[in-house]
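Next come two complexes, and both contain chain A; in the first it sits with chain B, in the second with chain C.
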Partner chain A sequence: MSKQFLLDGQPVPFEDGQSILEAARKAGHYIPSLCWHKDFPAHGSCKLCIVKAAGRHVSACATPAKEGWEVESNTPEMNGERRGLLQMLFVEGNHFCPSCEKSGNCELQALGYEYEMLTSRFRHFYPDRPVDASHPDVLLDFNRCIFCELCVRASRDVDGKSVFALTGRGINKHLVVNAESGRLADTDFSKDDLAAHICPVGVILHKGPGFAVPIGERTYDTASIRSQKLKEEES
Partner chain B sequence: MSFELETAVNREGLRRVAIDPVSRVEGHGKVTLLLDEAGHVREARLHIVEFRGFEKFIQGRPYWEVPVMVQRLCGICPVSHHLAAAKALDPVVGALTLTPTAEKIRRLMHYGQILQSHALHFFHLSSPDLLFGFESPVQQRNIVGVAAAHPEVARQGVLLRKFGQEVIRITAGKRVHGTGAVPGGVNKSLTAAERDELLADADQMIAWSRDAVHLARRLHESDRALYDEFGLFRSHLFSLVRADGAMDLYDGHLRLRDARGQIVRDAIPCADYEQHIVEEVKSWSYMKFPFMKDLGPARGWYKVGPLARVQNCDFIPSPLAEIERQAFIAHGEGEPVHAPLAYHWARMIEMLHAAEVIRSLLDDPDLLSDQRMNEGTKGREGVGIIEAPRGTLIHHYRVGEDDLVSYCNLIVSTTHNNQAMNEAVRQVARRYLDGRQLTEGLLNHIEVAIRAFDPCLSCATHALGKMPLVVELLTADGSLADRVAHGG
Partner chain C sequence: MHTQPPTPCSALDGILQHHGHRPTELLQILINAQQLEGWLPAPTLTYLAQALRLPRARVEGVAGFYSFLYTRPAGRFRVLFSDNITDRMLGNAELMDALCRKLWIEPGKLSEDGLVSIDATSCTGLCDQGPAMLVNGRAIGQLNHRRINEIAELIRQQRPLAQWPSEYFHIDDNIRRRDALLNLDMKPGAALASAIARGRAGWLAEMQASNLRGRGGAGFATAVKWSSARNAPGEPKVIVCNADEGEPGTFKDRVLLNTYADLVFEGMTLAAWAVGASEGFLYLRGEYSHLLPQLEAVLARRRAEGLLGMRILHEQGFDFDIRIHLGAGAYVCGEESALIESLEGKRGTPRIRPPFPVTCGYLGRPTVVNNVETLAKTCLIALQGGEAFAATGTAQSAGTKLLSISGDCAAPGIYEYPFGVSIARVLEDCGASDTQAVQVGGASGICLAGYEFQRRIAYEDVPTAGAFMIFDGTRDLFEVARSFVHFFAHESCGFCTPCRVGTALLKGFMDKLADGHGAQADLADIDWLDRLLKNASHCGLGSAAPNPVIDTLQKFRPAYERRLVSLDFEPAFDLDAALAEARQLTARDDPGAHLQTHEEGTP
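Moving on, here comes the complex of A and B:
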């Protein structure tokens, strides 16, 4: 008989080494995330997968499941925490959904809807982050970066190019391009790289398509991020 | 042309009266009057108090983002900005012509926009003045008052606007701020179900639009002394027309008629607008004053919008609207009609034309085709001109090698009418207010003159976070307990 823990009162089976998030998703329970990706080790930076396990707040993606744990996730308290985290992510960058081509396909925006974020609540930072349009095929709009490092990890661990990196500390942390000039055009980055297709928000954009997909046919127009992610888990 | 009353001499000793904000228009503006001790008007100005930064902050953004971003100038006619930007950027992706499907869907979107905006202006914003009188009780002078006194008129107005909004939703994805037009074409075609949904109501919209033309005409003809003379001034008329001289609100070339109705400039290609139009800056308004360069600022200003378009074209290419245009032209008895209140009549003729165009487009199988996009050798510059509900709208962009916008210039419909609206304000101030005790009803005359142009002050300039707002806290007996005001 497999081991199990309780997620919001529901039994969730798991295998040794599986995180709370992995086990929950596999069992059809949604725990949100932005920086987690099934093909990469847990990162634990976005904190949206925060749950209360054995009375402590932990990142579900980075915490191995344990037999008999009682885990709280879809509760007013945890969802309130997530809403606060989302609000912080929104004010740290420059997220103007109305004119962003990622709108409707953006995981950050979809989570804003999912967790009923109605205001930004905190003071906007309005960071000064110029775009990098030097590459012929790909535009980098750093304004929308949430520091999930998925592009950093994909470029380093899969593409073998290490095109991206985070630099700076604390409030000054930001995404940079690993070239002496700092320009994407001066790297060996390609539009076919995994890193060019992994951004959950609107930083790494393929030039040209823009708003080619009409409203009503975008990823999160037809189904919530909750149901989309669970469907991906099944396939 | 006269600039009398624009700036008074010895302004210090004059009494200042402000209409702030001007109501039942889109956006925020104010009128100031300077009066001497005897109550004579010495200065009258329409000020635009908002600041627009779009030309600046669009720079450095990718070109494909522009049609969606720049439409945020406005919540009333975003489609006009959306389409003008897309038209300007078609050459940037090398689409020197569009596929028939793309052109027709854009036209459908645009005429839906014309229909809803004209219905909004006539029924919601202006009909209270026209049906009840300029000095009627202010409590009645609004759309709720119209709904109570003329329920069928109000109902038709609301449903006409709703239909126009549905056309926009189906072509652009949303009723307000959609994404349908993209550089090179459109991102969706119509499904047969969507087409049939619109077809079900299209004939009714034509009938109601025709009724609206007749209502506007009846109002005009029932009091010619008022409607023909109120705020009257003469000016050039400016608009796009089709190559054969037909009214075309989506595309064409530029034409200017003088105040007597003679064509003085014609077949100006849109891309050459800069050679003909310049804008003057005046220190007291955020809105510029455009004029024809070779005629100079004193003689070269003009009117745009329905009153200009209905008379600038040689004919309207839809049968019912053309009949109404001919009746309108006949009203002028051989001279162009310049009366600001005739804007309402002309606007309803255009609404009827829009309803007819929508109806005829819906029969076209190209709307259902997937041939939506064109492309070719990329360009670096484009000018898109469209006849927005309020008049000629110009978008001009340059794009760098990196695909980012390096230059943007917008000349918005209401901006073209800046001098004309100021002139109407001065005429009304001189005729109705001069030397009299000012009342709310008298001051509303000024607003009636401005409203006739259907100005969109938020388009013509743009607020950055300052909305005029006054909150008053009243006690149970109606006396003022507290008052907070900001902006404006």
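Moving on, here comes the complex of A and C:
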């Protein structure tokens, strides 16, 4: 008999070593995520996956499931905290969704809808983060970075290039590329790299025709991020 | 293309050679490389990355993480004023202002001739002899206007630090009360000989009997940590002494390392004996780099005496040595998994746990991280036995505790007490009067009000890593909390959303209140942020960051309320402040050049 825990009262089976998030998604229950990716080890930075396990707050993506645990996830309390974290991510960067090529395909935006984020609540930081348009195929708009490090990990661990890294600390943390000039054009980055296709928000954008799919018909315009992610899990 | 002259490559090669071209030494290499020009020009980072076969972006990532590393030009004299609340209470702002005026520069900026830069830095651990500063990394305490005048003159004359009056750099221990540890006069090697005679298992059993708990804050049972590492697979095992001592108001580890270094190193070796470890690190905060030469000398002597190295005290198979790694201005590196990342030459970002360091630490090996004081205490246990140690203190807190006492009292300094001592007793002993509040355990600790002074220092009552800051009736507890919030915002590593953004937002709210623009709604938002930080943060920094606000809001609420405007809501955007630039450009500061954004003087 396989082990199980209770997620919002419902039994979820799991195998040893599986995280709460993985087990839940496999069983058809959605726990949100931004920095987690099924092909990489857990990162644990965005905290969108926060749940209460046995009364303690933990990151579902980074916490191995335990037999008999009672886990709270889809509750007003946890969803309220998630909304707050989303508001933090929005005010920290410069997110003008209507003019963003990623709009409709953006996980941050989709989660904003999913968790009914109606206002940004906090004061905006308006950081000064210049765009890097040096590369022939790809544009970097750092204004929208949420520091999930998926590009960092993909470039280092899959592409074998380490094009991206984080520098700075605290609220001044920011993304840099692997060149003394600081320009993407001076790295060995290619539009075919995994890193060029992994950003969950609108930082790493491909040049060429924009808005090929009109806004309104994009991934999260047609179905909620909750149902899309669960569908991905099934296929 | 490069506008900067490249750093002499031969000098960089020498540094790389000295560190064996090991990428794990990246932080140490950067610290040394910076000594060449006072900062790290871009070509220097490129050169080091190539030599170490690391991606340049990773090197830039590390260089940008630590406060004491500069990737933009810094002065030939880099002055950093220690900015703990105790420094503020001793008037550091006025002194900084005076030095800036004398040298014609603005804080945070570099003088046009590149001679000097002046800025603030987190607590430097000289709270008992502040206000303090660091000049090119060297600590100077007991600042006053006379000293500031002299320093301005020395800088203007470009006098090298080596020619500055040596009394500037004198740092006192200020030991005021001794108990078991500070009274111990041990011949180096005596504790080790006794532990070796008991055998590894026997020594661990003695540790178990002692009930020693960690002095670094969390209070974890030391013997449990040691035996977990001993039983974990993976070699060679590692002992780390955590001398990061970044908690504002704490300085007892500095005194132990200055005067009791043999006890600390012997404690590390005792841990190695119990665990079967062969590699040791002392992680020394950059602020204490003045201790480096004397600590290296103690290590060299201990090697010569057969207390470190191969076959320690002639015991076959007992090989252990210690290296010192320097930090570079990052409080989070005191968190044990961030410390290990830093030891590996990376950004000091706390890891996901589990796995814990005892099974998967430095380079994936079993690693014990212990506080300086914890390790020194193990000498007492080796010499006098576990039971004797357990017999002192309280039921759940065996032994004594060193307190770093600062703030409003007659005799700040180091006090050693058996656990269980009351706050009131400590206050009496150090000559504090009219005490309004005591902050125990540093910025992340607890703020105690007068009605709590009968509480006791012990894990089961008021736990503490050792800081004890006293505030008398003249102090404003809101400003105390605000300074700690600034500290946490400055020190957040930025890894997780709640702490990275939450500490910055909290700082914004506290500043808004301080500026007289706070409203009731802000207190509700502060409350909400406090809870999210506590619940959702990735490590202890973020979850402790709201503590000073939570405590003072609860115990000293009037300090907040008298700052509020009578409205329920006041926007965070300050129209009047936005006009500051226009005022500066037009050289106006008359009432007509200001906007009144709320009614003043309303009751």
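We adopt the following convention: the second predicted complex is superposed on the first by the 234 of 235 C-alpha atoms of A that agree within 3 Å, B and C clash if a C-alpha of one lies under 4 Å from a C-alpha of the other, contacts with A are read in each partner's own complex, and residues count from 1 in each chain.
As a working rule, a contact is a pair of C-beta atoms (placed from the backbone, for glycine too) under 8 Å apart; a residue touches a chain by one contact, two chains touch by 3 or more.
As the structure is a prediction and not an experimental result, all values here were calculated from the model.
If you put the two complexes together on chain A, you find that chain B and chain C both fit without a clash. In the superposition on chain A, contact of A:Ile215 is made with chain B only, not with chain C.
Once the two complexes are laid over each other on the shared chain, residue contacts for A:Leu194 go to neither chain B nor chain C.
Using the contact criterion defined above for the overlaid structures, shared-chain residue A:Ala27 touches neither chain B nor chain C, since it reaches no partner. In the superposed model, more residues of chain A are touched by C than by the other of chain B and chain C. By the touch criterion stated above, A:Lys207 is placed in contact with chain B alone, chain C being left untouched. In the superposed model, A:Val177 lies in contact with chain C only, and not with chain B. In the superposed model, A:Pro98 makes contact with chain B only, not with chain C.
After overlaying the two complexes on the shared chain, residue contacts for A:Val163 are found with chain C alone; chain B is out of touch.
When the two structures are aligned on their common chain, the gap between the nearest CA atoms of chain B and chain C comes to 11 Å.
In the superposition on chain A, the residues of chain A contacted by chain B and by chain C do not overlap at all. The touching residues of chain A, when paired with chain C in their complex, are 42, 44-48, 50, 57, 59, 62, 64, 81, 84-85, 88-89, 91-92, 121-123, 125, 146-147, 156, 162-173, 176-180. Of all residues in chain B, only 60-62, 64-65, 67-69, 72, 93, 172-174, 177-180, 182-183, 187-188, 402-404 touch chain A in the complex they form.
On the chain C side of its complex with chain A, the touching residues are 42-43, 45-46, 55-58, 60-67, 330, 347, 352, 354, 489-498, 500-505, 508, 525, 528, 532, 535-538, 572-573. Those residues of chain A that touch chain B in the shared complex are 98-101, 130-131, 133-134, 139, 205, 207-217.
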